[in-house]
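Please read the structure below before turning to the comments.
Order as written gives the chain letters A, B, C and D; numbering starts at 1 within each chain.
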């Protein structure tokens, strides 16, 4: 019997989803900086240029606004572009066509036009400094008309990319720099991971950790450490931020009575704020604690970067304080 | 398109906009009196399979492209029978099935979109081209250059048209654009580019027809600048900054009056035919107004439809 | 005795703050589209061009990225620019110099450079359609290094503009289209309103409404209507979103036991999410309900715009349901 | 600056970067071997009151501007004795008090900032000018055009310098920039613009000196393109895309070897002096490394300082 799964690095899972879909659907093409023969900054486009040639794997200038605008226009005219914005920080340069046009296109034309574009971009810190490390997912969460996914492992990366490529509207696909070299088992058969479904990736009873992307791994590490201290963590991988599967988080929190949100970006108006608010809309007031980056830029300096970004030890400390505190404020005056 | 038809189309735009401006509940509008020759000349040279994209000042282009006055009026008055079911309104008219991909009210916002439409045509082998009209104001935006560069590199079938009405809200073009000619901007990219008088519909139509032909034959993008003149304030809600005298002087060079005079001089039209044309135009506009006025607003629940 | 106050429209209060500060401080200048002889889209720069001339009141092309970039560079080099971005939607075009440079400049240079720029922009709906109505304050709240103020009346507009012009770092000053023609009493003497202080603008005992900018007026209207139904609303004008005066809101909620946040923008990852989270950090779990725009673009269509944006009647309904509900979810399934 | 001094400065950059690349804990770095003539030629023509801004590939410019190898090395290794107290690091070196306003790692991100610095100089009557260096890759960005236009209109004292090393990461300049010469981009705005050989430090220095003089005399902005060559991969962590043969061929045209040969041929330098120069350079670099290695990392608490 042939194997049902294959071992792929995260970056290979992305390539596979793109390769299979491009072979099936001539409307799908890729454009971005160094996506051609080079294969992308993280080799997440490796081999596509050789397989599909320069018409369907297009190297672009450093012109994020036009890259997104042209992609969106092509999508509105019937194609299914994948636009690669190497660093999420530079999505800022192309927010006008994305937010002011693509996200509103279906609405403003009364359903005449749609923009089935996938914007693939990479967030997070890995020694790249103040302008190459940001996580701005939460900005996009408040933009009606967009969808946003952020896988944490190769299987979801594959399944969510396939789903994104088939979606009728704009989907933002957010990678994390530290995930590309992570291996995992990926089903051999073609499949899609539905956009908008979170997943309990670790069962527990004392606290619910709602997180996503690379921080799922930090949550696991902290959960491992906390077992020894008698604290049992349930970890939920949100996987999709728009739509947000708050129902699953609420179900978990109904059991654990404690919600901790964990993200790598800023907590202020962050993903965790929204998760907390939606859970409370379902459950009424619950104990909540948000963990994220310190309120400061992320330096490329190894000491300062590590200090800024949540890690397992800090998470352990935060969880212990939170669980014991009558009032989390004592933690963060 | 005959010169008669072009005159008719220009008159229709003028009458439509006047009627709209006089309507009690139009919110505010971006009118184009003085610029009709650009709208009509451009559309005269396009084929059905082409897609036209514009900036916010789009009524003339929408009508010249063949959208019915009724559906345009309804849209501008927010009615559910409008092109966009009343959801787009001023600055966002759209009817892609009729070759009018749409207006977009972000200054310069449609330029890269148009290049994307052209890319789709190129990749699918569709014979249509994309044409994008933007203003002098839009020409100072970086996205124009990013797009010109990529369009040139990828030989996209897109025609860039700057409708230089010499004003961006209150700001004269000279004060905010350093190039001698706006069309000079495209030359650096190796894009064929020229400036023409945008007050003469024949000149516009011919220049566009030539450019379209070249683009259709695979020559890559082209750039045209038409110098025109906006007779009214930036919007019906904006303060006018030019003096009454200056405005009076400017309005003497009217593309409709000029074509009318030319047609009369050469005997291509007579006063009787003109009168028929005028009454036909005003009937059309009146009917459009009636249609729009009689149409319902969208239901409040539509605020949540078509979002995804 | 000379009068201590003068009656000014909101837009006049802005002009006054700029005029006085420009007269005192030669480093202050204004740049933006149609800010010169035209006096600004909302006449909020009226008379400055006549008083200070074209070198200090500079009309710019429609080039938001360069406008902000040049302003930031001038600020870093010692001036105090006020850059006008007519509509907040178009701030998107200039986020790179603002967020990736200005906000991080002091940090990344180790304190060598600062960018004391004021970005003055206008948010909110007033019939202008999908790309001219947005409120994206919450995006900026998660950007360390920025400050953000959003006055609701002429006196605060004056005081906060003076404070912004004196601040050592970048300040975003957010107007609302509907506020410009609103009159109010403004002290004649020069003063500044400290950035970071909220204000109770209406005392009440049953519910705390935390809001800002134009929505303060909607809150007042709703509070007036609710008096007849025996519900007493305390209304807090946040005035500044960075820093956020969550302490004042928490004090109020400690009394009223109910927090309703009201904003014109999207609730998802919005201002209200943050207010709620910070209040709960201080008080532990409390009853919270967020009100904002429907999750959709804002049309210029009068029916659809009205349906999308909170108004007094909707707020009244939401408050009544919220106060009586055991679980707000029943309101928003 | 004498040709001796320029040779010394180029050698210092090369040796510094080699030592940095060999250091075990540098994270990754953006090196500039092959491009030293641009850095040294540009800085040779600047006065102390001028401000230099660069893209991320900035080590050569920082050293050529006179920052000490020690403070630059410390910054790049993340130490608290660095120019930015270790907080900026690669791509963000900054020492405005020494006329190095700073590097900025966003491609094209420093272009509008430089124009703002120039505006400040203009408005305060300060005699200094702003000089911004960016790459061929940055030249496809819209912000360049928005800034060129405004700089031309406002006659800002800013010198735009494109260091065209012919690559943007893996992408050849020809593949992503349509203009024949990158300097053509500035011509449309009426800005004096020319392209020079960036492998010859004398040519660079003279071209910059002339442009600076014109700008200082109030002529408004200028634009220079220098064609150079990057000998190494985009970064020390990036894959090299050129073949070994091609790289070998490219490295034959080395600005340091060329100037050395010229100086030897004309008898302006001898082998003994060269040897002294080399050992002096390597002492300097070794001292810089020692200083940096001996310096502490910033305290973790600094993650929250200087934020506002």
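One rule holds for everything that comes next: a residue touches a chain if its C-beta (ideal position, glycine included) is under 8 Å from a C-beta of that chain, and two chains touch if they have at least 3 such contacts.
Keep in mind it's a predicted model, so treat the numbers as computed, not measured.
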Request  = Using the contact definition stated above, find the chains touching both subunit B and subunit D.
outcome  = A, C
Request  = With centres defined as the mean of C-alpha atoms, identify the chain lying farthest from subunit C.
outcome  = D
Request  = Starting from the mean Cα coordinates of subunit A and subunit C, work out the distance between those two points in Å.
outcome  = 30
Request  = State, to the nearest whole Å, the distance from the C-alpha centre of subunit A to the C-alpha centre of subunit B.
outcome  = 41
Task = Express in whole angstrom the distance between the two chain centres, defined as the mean CA positions of subunit A and subunit D.
result = 36
Message = Where in subunit A do residues touch at least two different other chains?
response = 60-61, 63, 65-66, 89-90, 96, 100-101, 107-108, 129-131, 144-145, 295-297, 299
Message = Quick check: what residues of subunit B touch more than one other chain, meaning two or more?
response = 86-88, 92, 104, 106, 109, 140-143, 146, 149, 153, 175-177, 307
Category of the chain touch graph - line, ring, star, complete, other = complete
Message = Per the contact definition, I'd like the list of subunit A residues that touch subunit C in the complex.
response = 65, 89-90, 92-93, 95-96, 99-101, 103-104, 107-108, 129-131, 136, 138-139, 141-145, 265-274, 276-277, 280-290, 295-297, 299, 326-329, 332
Key: subunit C-touching residues of subunit D, taken from the complex the two chains share   = 51, 82-88, 92, 94-97, 101-102, 104, 106, 109, 111-121, 123-124, 130, 142-143, 146-147, 149-150, 153-154, 305-308
Message = For the complex, give me every residue of subunit B touching subunit C.
response = 27-28, 78, 86-92, 104-109, 137-138, 140-142, 168-171, 175-177, 239, 241, 297-304, 307
Query = For subunit D, which residues are in contact with subunit B within the complex?
reply = 140-146, 148-149, 152-153, 175-180, 184-185, 187-191
Inquiry  = Residue numbers of subunit C touching subunit D in their complex, please.
reply    = 29, 55-56, 58, 60-61, 63, 65-66, 68-79, 81, 96-97, 100-101, 106-113, 144-145, 147, 168-169
